[in-house]
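Next, two complexes with chain A in common: one pairs it with chain B, the other with chain C.
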Partner chain A sequence: MSGHGDGKDAGRQVSWIESAASHFVVVLAVAFALYPVLWVIALAFSGTSTPEARVLPIPREPTFDHLWAVVSTTREVGESTQWLFGRQLANSLIVSISTALVGIGIAIPAAYALARFDFVGKERGLRVLLATQMFPAVAAAIPLYLMLDALGLLNSRTGLVLCYATTAVPFAIFQLRAAFESIPVDLEEAAMVDGATRLQAFVKVVLPAARPAIAVTALFAFMSAYNEFILAATLLGKEDMFTLPVVLQRFIGEYDAQWEAFAAGALIVSLPVMVLFYVLQRNLVAGLTAGGVKG
Partner chain B sequence: MGKRGIIDGRENEEPTARVPGPAYARIASLLVGAATLLSAAPASADEDAPIQLWHAYRGAEEDALAAIVARHEATGGAPVELLALPYDAFGSKLGASIPLGEGPDLYIDSHERLGDYRVREIVAPVGDAFEGEEGFRDNALAAVTLDGEIWGVPLSQKCVALYVNQGLLREVPATLEGIAALQPGLPEGVFALAYEAQGAYAHAALLGAFGGSMLGPEDSFGFVGEPAIRSLDLVQSLIDRGAVPNDADGALVTDLFRAGKAATAISGPWLAADLGETDVDYRVVQLPKVEAAGGEPMRPMLTVEAVMLSPHGAQKPEVRALAKLLASREAAEIRQATAHTLTARSDVPLPEGDAFLRAFADQAEVAIPMPSSPAMRATWEPANRAIKAFLRGELDAAAATEGARKRFDDVRRPPPPPASPTPLIIVVGLMLLYMAFGMVRAARSGDLGPALRRSLPAYRYVAHAVIAIGLLVLVPLIIGAATSLWAGRPETGHYVGLANFVDILTARGGPLLATGSFYLVLLVTLLWTLSNVVLHLALGVSLGLILARPTMKLRGIYRVLLIIPWAVPNYVTALAWKGMFHRQFGAVTGLIEGLNRAFGLSMEPIAWFSKFSTAFTANLATNVWLGFPFMMVITLGALTAVPGDVLEAAEVDGATRWQRLWKVTLPIIRPTMLPAVVLGAIWTFNMFNVVFLVSGGEPDGTTDILVSEAYRWAFTREAQYGYAAAYAVLIFLMLFSVTRLGEWRAKVKADREAAAVAEAVAASGGAH
Partner chain C sequence: MVAVTVSQVTKRFGATEVLKGIDIQVPDGHFAVLVGPSGCGKSTLLRCLAGLEEVTSGSLTFGERDVTSLQPRDRDVAMVFQSYALYPHLSVRENLAFGLKLRKTDAATIKARVDEVAEMLGLGPLLGRLPKALSGGQRQRVAMGRAIVRRPALFLFDEPLSNLDAALRAQVRVDIRKLHDQLGATSVYVTHDQVEAMTLADVMFVLNGGVVEQSGRPLEVYEAPASRFVAGFLGSPAMNFIAATTVAEPGGEGLRARLGDGSVTIALPPRDGLGAGRSVDVGVRPHDLELCAQGEGDIELTVDFVELLGPEIHAHGVLAGTKVVACIETSAGAGIGIGAVIPLKIRRLHLFDRESGRTLR
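After this line comes the complex of A and B, so read on.
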């Protein structure tokens, strides 16, 4: 982490004022970062909602009812009872993980080629790729929908994954291309001198070296799919196919917003991503450094 | 469902991707025709499939529907599959699926959408599902009858009435003014009347007392003239007396009444569901009369929920039989018993002594069925803005409503005339010719063959990505961009050439910097992007610098905590921020009150969304919060690339800490950070969620950015997709040219800086 050449400074005392000031600034920032999230948490555990201006996010009449209500939804299918929330959580995970895998799977070879080979149309292709990121996504939603319909993929997880892949793939290509570029060519060349084919060198040498960047790119693809609700609400037409954000959306209306239930759901939806962020946080820095999100 | 369905204007402002019908189907079918041939048989082929019934009910109403359907199935009816959808997605899902022969056979929706659905051909007359006029209330029948035909079978009626907290108020004054006069006698912090004063839907009840309506004759804007002005003046006087909260939205009205902080509230039957578990002692009565209107009663808008048939469902006898059953007397009784719903039937007696249903039934009699003309949808946005502008004190009632009418007329003005597609064909032809010419020339020059051969291994790696991106990204984008050359509603649209672009770039013939004009919105968007990027960078880089110091304790924990805003879905946190900025009950107001108490100050709570500067600040705070972790992580990453010996050398040379930061560290991390900054800027430029969910463009659409303005044209202003697509194309063109320019300049600069850094390294290395 430390790039600063403080090795020799180890023995030197950093003035405590400076250290205190740093902590003060960071603690302020942490408070800024956590405050709205704490409100969501407080709301999720509140028994009642009273309209009054309060500063501290403390739940009123704490209760687990909302969390339990969100988690324990079921529905009757014929004779048996189906754990609806479980299915919807599974849908969310399946769709998001598939999006991450499809995105990475398509992007890795392409990004490698863009990083290592020179070929006709490379510059132009890159420019087109960047340009797709500038077009507001809403403009493409309608044609995409009609295409999925023609392919019979409406109302299916596959169709949703394809939609999400449209944003995941270009971003992943940019990320990974920069990551591959930052890996010294010497490594592969050494392997190839030792008799490895280019493909073997790629798989055995380059991919392991780019692991942090790949993990972070996968995380982004996962996250964007996991949090999306506009397309999901439009494309999915069966309750047991819904992803969690669509379920969340049902809690808030104009007049009868069930904010506590919404907050409870939001908390549950956020948990897997938080865990992933925590697990991958070291990679996050390393992966983005290598990637540098180069355009 | 009617809970929200009633407010059609609101529902239209929700971020849904509405997918329109036939015109797009025609365009796209050309491109996906091949795929269609390959795809399996259409959905309707399956005769044994259960009947698809869509609804947006929740809670008791959903239970009632399930009970009715269960009974239908138990008595030998065709099997039914129920689907409960988020209300916000309802209309768009219908519009997306039914024209393609997919989707529900029948669905339950609010009558005011019938006009729109009819134009889009996603609803059919009910035929023999309607058993005859005698069983239904006149108001309900009128609501579902268009041009002499019945387009939906009425189920229930919903409108607002007056909830009275009996603990606070034993006798209800007969007039609105009488209720307001109670204010001085009420406990501190209790309002005499809670209702959504700034909303056009709630205001319509008042307007009705003065004999006005939101939509006038022949689809003209109705919220103008004497009734509009007098009703607005009355609201102002109620607020001035402190009898009505100034900025309550629907959810807050519920909360106020539930918490005993409102003696009376104007709300619909849905409020009762929320009060079920509380100990508020309440009853419901008809809305009061209005003295200022000569003692006329308030007349709210009436929504009739009805069963509607999709064109393919209407052809099936078993579907029509189900629709008939859903609206039958027996079903109405189940609904009334289970969900306490006011039926649309006249032959179902109200339960003995049920004052609640009685009050709503009486109220429904004097209510005005909401017009089902598609023009109704276009009234909400201008009317809402007029009320808000007036209550903020910016405009007097006459000017505000007159401005609203102009806006309404502008949005509804006829699309540009059809243009000849010949120029387009010529331009596309010339482009193709030019490309072909270029290819031939390249091929003949002899360089291409060997170059291609050299490229072959690379193509093996990129081929699948090219195909995937071409099909999934480029084709939809090109079709989307092409719709910018069309105008009008999707069903009746026609090719207009560049007329949409001309309209936008000439600010629709108005002053170039008027509210909502392209140029003003562009300026706001630029200000928005610039201030966000600057703050993201300032916060992200300083935190990154602090956390990268090896002497910093606990930095691992700090880093995890600071990344959290990035990990929570942004629509959740955007809504949390909006709540914090509420003028009366937000946490920011709580903070101000706390400071006042602690330091004896007297700061006023800020009405964040009533001024451009504060509304913009609220959006900005939210987006800075969302975006700084990304910059921080990028900074941390970039800092690992700073060689320690360079800094050491600089220190040995006597550079101060400050000089080392500005002269060494920042120049070194800059090239690594630049791409991230560019990408961040593009994301911010198109950051729809925050603007839409936090300020919603308020006040008066001034905080809208280009993307949210485009969204409004597509989804709240009569489905002008072509116009919205033209916005999207302009956004694209601007971003594209700016990044190209930036790329070029950055390259020049980076070369120069790289040289400078190399020099510095060499120099410090020498000094060592």
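After this line comes the complex of A and C, so read on.
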């Protein structure tokens, strides 16, 4: 957005007018992007019961009650009390991480094969993969429900991971194929001449070189699973198996909307994603620009 | 250190035959250069030697070992790539140590060898850097170091200087030759640059269209090209070729060549089996055209363009309807300008059969 940190501006004195102007633009853009988020934050910490339209998103009668109420939900299981929210958070994280791992685990070898080898049916296979991307996963909700029912995987994390990974794999393959294609073949060949087997060359040279792209692809898979609602709501019927989007939706009932609880829940749900983005930010930038510049 | 023998090697990519029965012998410890224009098959041949391409037929032998079907890692070769192919996620030290680690060399030996090579190539201060923090010349040296550190039996170079600027290229060329003399390992070097080929090679193989047109010591090949192609490929500026027909010397023995549009004839030195009425190409290197006194020249060139290069000038003109360049010492040709008609003596000429392109000796 601004010229700062951009290599081409290095060594040039930036005048204070330029600096102020670029900061102003950045602040404006950030404010524009964050305004709705600030509203959610204000709502989550407000003590009043109904949201009202105001210009400044400042909480009325600030309180942590809503956050605490969302986090501390429990349920009775026989004699003992179970921390329900903890279990639901765990459901979301386990399902999303597993989706990312399974998706990436399948997509990496597939994408590498598509990037490096010629084989019968390659082009046709790619077209079929592309075709699967034209339909939303929801379109398959009913068949998936019936299949998982037959397999006894309804109301299970495994079932959900299977469904999510299925939809994550084609996109991951396309993403990673482009990343592998941008890595010069010379690198693998150099490794093989240096004494590596093809597998060693792949593991020791190609995978590290593709790490940013793999991180981004994994993050996309994680995010799509973490945010998914419709399949989760369809395939999960028991409260203790819910993922967080399903939990959130429960705050908005047919006759009663708990907006503060919803906002508090939304904030909590966002935290893991924010942490993940923060940790992966370096890879994200490199991964999103991968392929633009040949190595 | 091994001798390299390539026997009747062919390589096909689908319907395209890139190598058409190559025979090459590189004696132990020699520096061989494969030279030729783009698409002549030189890089493919090098990749076959490295094991990165399988040969379609024929055999490759390193010393006593038939390596034709061996994997690259089992051939005991090291290769310097045109792109350098440095591992981007590894530091210079790790790049150098990569091959040794894969071969389970102990850490102390790896460190000693890496340090030795770093010292040899002046890489010491760069060992902690990533490849992206290096200049082109430094990357090239790291690529060389990665090859040297393994102490392979055979070095392979795939146009390793083509990404460097002209000044650096000349310097690294000298360094490569010095390193070869120091290490004594057999080397095979691919280039399309005839200057590199001439200056580096102990033995040179000129490839064209998937066959070896000529091989030998660089000067031998330069002085006595076996074909019009080789003659035209080696030497800068390129050899002048003028289409000609042989005619009998009027009133005497011997032959003359009627050049181009027939306006000029020159005397021909005797050639085996060459008679009158034959279509030939006369080849004269620009440096074999010597400025002489008026009336003593074999030909006269009407100059239409002059390039000043410092120690010499390149006088361009048309002779018997064909474009010709003459290289003349600046001191001798100081007054030559556009429109001048200069008498030139032909110190040496080459004769090629028009149809086959082979040299007539």
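Quick note on the criterion: the second predicted complex is superposed on the first by the 270 of 295 C-alpha atoms of A that agree within 3 Å, B and C clash if a C-alpha of one lies under 4 Å from a C-alpha of the other, contacts with A are read in each partner's own complex, and residues count from 1 in each chain.
Note that in this section a contact is a pair of C-beta atoms (placed from the backbone, for glycine too) under 8 Å apart; a residue touches a chain by one contact, two chains touch by 3 or more.
These figures come from a predicted structure and were not determined experimentally.
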Superposition on chain A - do chain B and chain C clash or fit: fit
Chain B versus chain C as contact partner of A:36, first or second or both or neither: first
Partner chain in contact with A:149 - chain B first, chain C second, else both or neither: first
Partner chain(s) touched by A:184 [first = chain B, second = chain C, both, neither]: second
Partner chain(s) touched by A:135 [first = chain B, second = chain C, both, neither]: first
First (chain B), second (chain C), both or neither touched by A:80: neither
Larger contact residue set on chain A - chain B or chain C: B
Which of chain B and chain C A:200 touches, first, second, both or neither: second
Partner chain in contact with A:209 - chain B first, chain C second, else both or neither: second
Smallest distance from any CA atom of chain C to any CA atom of chain B, in Å, after fitting: 10
Footprint overlap on chain A, where chain B in one structure and chain C in the other make contact: 295
List of chain C residues in touch with chain A within their complex: 50-52, 71-73, 77-79, 81-83, 85, 87-89, 98-99, 102-103, 146, 150, 156
Touching residues (chain side chain A, partner chain C) in the complex: 184, 186-187, 189-197, 200, 204-205, 208-209, 211, 295
Chain B partner contacts - residues on chain A that touch it in the complex: 1-9, 14, 19, 22-23, 25-26, 29-30, 32-37, 39-40, 48-55, 57, 106-107, 109-110, 112-114, 117-122, 125, 128-136, 138-147, 149-152, 154-155, 162-163, 165-166, 169-170, 173, 178, 198, 223, 227, 229-231, 233-234, 237-239, 245-246, 248-250, 252-257, 259, 262, 266, 269-270, 273-274, 276-278, 281, 284-286, 288-290, 292-295
